[in-house]
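Letters A, B, C and D name the chains as they come in the text, with residue numbers starting at 1 for each one.
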Amino acid sequence: MDADTRSALIAKYKAGYAEVVKALEGFPAGELTARPLPGKWTAAEIVHHLADSETQSATRLRKLLAEPYPVIQAYDEAEWARRLYYQTRPIEPSLLAFRAARETTAQLLDLMTEADWRKLGWHSDGGSYHSERWLEIYAEHAHGHAAQIARLKTALAK
Amino acid sequence: MDADTRSALIAKYKAGYAEVVKALEGFPAGELTARPLPGKWTAAEIVHHLADSETQSATRLRKLLAEPYPVIQAYDEAEWARRLYYQTRPIEPSLLAFRAARETTAQLLDLMTEADWRKLGWHSDGGSYHSERWLEIYAEHAHGHAAQIARLKTALAK
Amino acid sequence: MDADTRSALIAKYKAGYAEVVKALEGFPAGELTARPLPGKWTAAEIVHHLADSETQSATRLRKLLAEPYPVIQAYDEAEWARRLYYQTRPIEPSLLAFRAARETTAQLLDLMTEADWRKLGWHSDGGSYHSERWLEIYAEHAHGHAAQIARLKTALAK
Amino acid sequence: MDADTRSALIAKYKAGYAEVVKALEGFPAGELTARPLPGKWTAAEIVHHLADSETQSATRLRKLLAEPYPVIQAYDEAEWARRLYYQTRPIEPSLLAFRAARETTAQLLDLMTEADWRKLGWHSDGGSYHSERWLEIYAEHAHGHAAQIARLKTALAK
């Protein structure tokens, strides 16, 4: 990965929280747990997923940097959504967790050496894994979910 | 664990963030990375440790609740402190991460069923593990580190 | 588990190899890879499965005894049968591996202390696990497959 | 790895059991558990180690071939030697297990495709790992221990 690509992805990663906040602006408060798109997550489910997924993502990067032979464990995000009261819990703490995961991790992205970027690890459901692969995945992650929230807002407005 | 003990531990868990904030009040800003107690962590190291450890702790409880046969992986906290730029990074985002981990997880603690509390898991460096054991450990965790920060403040004031 | 039950299961475990050898007696040599029962394993597949499964079983008991917090990893036996040339490889070495796994492990079963028997581990696809549970599973394992081989022999004789 | 190197290593792997048997020829039967070289393993410990290590080695190669994202777990061979009654158990079954592990695995080595040889896995105590790396390690493994047994024999003859 060349330096420009990496910088662009880091910038996108740093912008992801604001993108989700923007998508939530004007979202009808009483409809956070509504499911206008059958089979799709609600806005509340998306926000709690962002908290849990990005929190784990933060830990994954740290494991990559700090462990000699890091193994990243996959997890079942649909099962987490079902079991962890995503439709019951207020979303503000989860927004805070998502924001904090990005802010603390952005500090690391700005400090990482070339050796940090190249250090190899293993993903239990994907094989060889390293920080650049991590960055490709998570730079996009929040933007994708922000777009989902926007689609929910549109669907509810009809 | 009887209901009163559990309630008291949950209350202590919820109070942990404020305890650390109080310990940091009046801490000389320029001394966050000072090491007045040889061989002990600095205030900055403690705060970044709280962020990383409590973030993982939050994930551990979620794994216990959401996975069929959860295995909790131990990690080397001293190595994380050495590798993850604890003496370089501003502490505000880490305080936010610590607070968010506690706030989101406190929501779960208030919603968990008896079955959630009893569900068995395994700790790679301790064996049988469940949510009540988790609660015993983390109810104390922040208070212990708040006391460490207070000792650092005293040592620096001399 | 009382002492009589345990002794009976150990005796059955020790008898398992002979049971399979007896089932293979008179099995038409050219039909080891025939599949007279659609969707069921062939005799060759069963023998290679016994080698691989009982070899892992031997390792599992050793991990239970020798590691502080043993985690036993499940594996996909159907995938092993597909990928590991079970229909191509001569079965004699696999019979030897199965026999050796039982003979070496039987030595351990005769030497284990009460503490060995009770020591807790974890199965990635079953949770709490210990040597008595292991014994219940593997005392039966070879006998079940011997019966399968006998059914194949009957089906081929028609 | 070029084809000649691979063939030579496979041939050495296949010769390993005979090498150990040769080293054991004329070994004084009553001295299998003697420790003439302080801090070194006895002949009995070496043979039981060969059984346990080569049995696991056989499983490792199968995991590499049959699992999508194989993770090979390191183990503590010294602790196994202490806990698994290596100085008490007769060695014949362990010789059989060692021989069977090599014979069954040699079948696989002769059948493996180029894709099998190149398939990547991960070693918990070494990182990236694949079948050629496995072959380099285990082609040597038995020969090294045969030489150890020969040194013990010499030491006992003095």
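Assume a residue touches a chain if its C-beta (ideal position, glycine included) is under 8 Å from a C-beta of that chain, and two chains touch if they have at least 3 such contacts.
In this text, all values refer to a predicted model and were calculated from it rather than measured experimentally.
Steps from chain A to chain C, minimised over paths through touching chains, total 2. Counting hops only between chains that touch, chain B reaches chain D in a minimum of 2. The interface with the greater count of contacting C-beta pairs, when B-C is set against C-D, is C-D. One finds 45 Å separating the Cα centroids of chain B and chain C.
Centre-to-centre spacing of chain C and chain D amounts to 22 Å, using the average Cα coordinate of each chain. If you draw each protein chain as a dot and join the dots that touch, you get one closed loop, with every dot joined to exactly two others. Pairwise, the chains that touch each other are A-B, A-D, B-C, C-D.
Only residues 51-52, 55-56, 58-59, 62-63, 65-67, 73, 75-76, 79-80, 82-85, 88-90, 93-94, 96-97, 99-101, 103-104, 106-108, 111 of chain B touch chain A when the two sit together in their complex.
Residues of chain C that touch chain B in their complex: 68-69, 71, 120, 122-128.
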